[in-house]
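Please read through the structure below; I'll follow up with questions.
Labels run A, B, C, D, E and F following the written order; every chain starts at residue 1.
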């Protein structure tokens, strides 16, 4: 059974045998481990957890649906979770959101991505997005220094 | 000798042994091959070539320097070129530039990336960037249909 | 039964009685009616339909999920569908996507929104987004002239 | 007399009888009332007031003109002020400006908009703008919790 | 009398003697002259004129006010009009709007700006905005070739 | 010898005699002088220096290349450095990056730009970028008050 479609495809529709099942990736490190290594990560993760608890309490149907899709996007699939977390990092750096950048850099670290791989991903964001990305680059390099240092 | 630094690093500076040499990737297909399969690709590549010739003629120092950095960004390195072309695709879709999307989708195809890998990369862009990405998704799906179909 | 949550909320979670059921709005006009009045609308709707058919054929799980959330967002609910279509118009104009602007302007028209209401919504986008919005304003005013004129 | 034009329109120009007069909306709550309920609102409003005083002191002609247009945009008119404040909220969330988000959420509250209406407006921004909007959503949900809680 | 304020400033308010009067700049070339030299410029200017006539016909109060502020922004003042047209060019290239880029490049040309000055301004946009600016750079270089060639 | 090209141009290529040599501009004030006048500037400059030291330590080849291009962009050339710093200010304000805005405002001040010139540049950004720019305008006006006050 393919997870890519919950219904039999209509005639003429791509069945996509080349698509892999989506499944939860294996994390090498917990969020707590990262927070213990990095003060920057700890502050970010605590604020995020506190604010997310408040969003959860609101119990908004569409927000929950959106969070669910978001979760599914970064699972192991045709591409490994670590590649997609790095893509999330590139997208976040181009769109210039520090919270999103920190989140994906931490996720990538937890999945075993090396610092050199994170830097090379950030280079794509820097060249695509230009010098306006630099202040965010500076801040995530501080995070990288703390978690890999 | 490492290509990652043309000068000996100052004392206390990271020497980054984990960084791989940058080198030109191997393309499985020429641009002409893609243009012959896809009318959308052909029109894009011809316009791009014509306009780039005009930019080259201007011989602007900083533009040439920028193009050079841009070229270096997508070489095989710590991450393979195909991963970085897909990252360029994600960044381009998030920032919503059809020309950039088409360029990276064609480059990824030429390096042997599958359609399922392109779609999964585009899903990251869709979820990060939202429904404003959808019109660009529609147009690049037409390109994907033509080059993989 | 409330459509805003498919599961009983956990203890302490907001049950949101003030949220209205989501339901399909009533359209006063078909897409065909709009296409017959406006050449600009007709070209847009035909291209969109053709490209969407190609996306549907790809049968991508996350894209389908995203389209589903997107559809749910603009149903009648706590706010009427016409207000949310106008909000989609404002968002699209601020983010400067002609396809999205045309789509929401046509949807709003089909739901009975007046031209003055469309213009006043676009004024919010113009003031928030600045003169960079003006070229998009010019193009959607042409559409408005055709469908209301 | 119509407020939509200070001069008689030229021949063939739309006189727009369907456009309503612009007038100041009635606020149910003062800024002080909101600041007393919410620490997040209080900090935002105080900083904004202090910085605006400094801008006013500069007495820059074009800035004053721009502020004047901005003020006029959100008056009661063809659309009620509360709908336009919610549109300002959607635009601000899509363009990802916390100050602007907080400002319009507070204004909407002062005009009697319910929390469910604010959340549904934010859903439009979330779906149009994608997960990059989520960190801003988290922060404004904290504000909503404080002012409606 | 200073054009920077139509009212006597309140006590303690900056009187800004250093601000120059705003006045219409002197154009060296008409739009028609540019359109005759460049097919790209001619198509852009004709479409813009046609669409603006339609916007004017709508006679929307806030749009007219916004156009008026926009016009005032680029007059000769403390900075010469040609510098501000080049700033408009940089802003338009960073925000990636072809119509806006073409408009300011043509205005700058009409005021006597050289091609080298236009290219150097575009370099600022390229470095700040990154490779996502490149497709727009290619298109405006074609325009520059036609009007300066 | 022209600095605009390190190689003899190919036949038919523009030699660009109108382009001026690039050279370092003369600063009227040191960063320390600005930091002593303005607490806002001091905090910004210190954080920037600390984070840049960390980036330098990483010794990333492409980041160094990018920083080098960035440095070259704002040298005296065909346009004076002060004009290009103001263009950098406009671009930064339009793209809404406080760090970048503060950086270019300080650089412009150090090169002898007046407050009225800074304000007029910011007006271009305000009109092009809209009210979403206002919160950044408020913050940079505070900086301007401190360094020029």
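In the analysis below, contacts are C-beta pairs under 8 Å (C-beta built on N, C-alpha and C of every residue); 3 or more make two chains touch, one makes a residue touch a chain.
Since the structure is predicted, the reported quantities are computational estimates derived from the model, not experimental observations.
Enquirer: Provide the labels of all chains in contact with subunit C and in contact with subunit F.
Expert: Intersection of subunit C and subunit F contact lists gives A, B, D, E.
Enquirer: Could you run down the chains that neighbour subunit A and subunit D together?
Expert: B, C, E, F
Enquirer: Farthest chain from subunit E, comparing Cα centres?
Expert: Following the centroid criterion, the farthest chain would be A.
Enquirer: What's the distance between the Cα centroids of subunit A and subunit C, rounded to whole Å?
Expert: Spacing between the chain centres: roughly 29 Å.
Enquirer: Cα centroid separation between subunit A and subunit B, in whole Å?
Expert: Inter-chain centre distance comes to 21 Å.
Enquirer: Approximately how many whole Å separate the CA-defined centres of subunit A and subunit F?
Expert: One centre to the other, that is 32 Å.
Enquirer: Where does subunit C touch two or more other chains at once, residue-wise?
Expert: 16, 57-58, 60, 62, 66, 69-70, 73, 91-92, 94-95, 100, 119, 123, 126-129, 131-132 - these are the residues of subunit C that touch more than one other chain.
Enquirer: Tell me the shape of the graph of touching chains, choosing from line, ring, star, complete and other.
Expert: complete
Enquirer: Tell me, which parts of subunit C touch subunit A in their complex?
Expert: Per the stated touch rule, the residues are 3-6, 9, 12-16, 56-62, 65-66, 69, 72-73.
Enquirer: Spell out the part of subunit A that touches subunit E in their complex, as residue ranges.
Expert: Going by the criterion above, the answer is residues 94, 126-133.
Enquirer: Which of the residues in subunit A come into contact with subunit B in the complex?
Expert: 16, 18-20, 69-70, 73-74, 77-79, 83-84, 86-88, 90-92, 94-95, 100, 114-117, 119-121, 123-125, 127-129
Enquirer: If you look only at subunit B, which of its residues touch subunit C in the complex?
Expert: Residues 96, 119, 123, 126-127, 131-132, 134-135, 137-139, 141-142, 144-145 of subunit B touch subunit C in their complex.
Enquirer: Over in the complex, which subunit C residues touch subunit B? Could you list them?
Expert: Checking each residue of subunit C against subunit B gives 48, 51-52, 54-55, 57-58, 60, 62-63, 66, 70, 91-92, 95, 97, 99-100.
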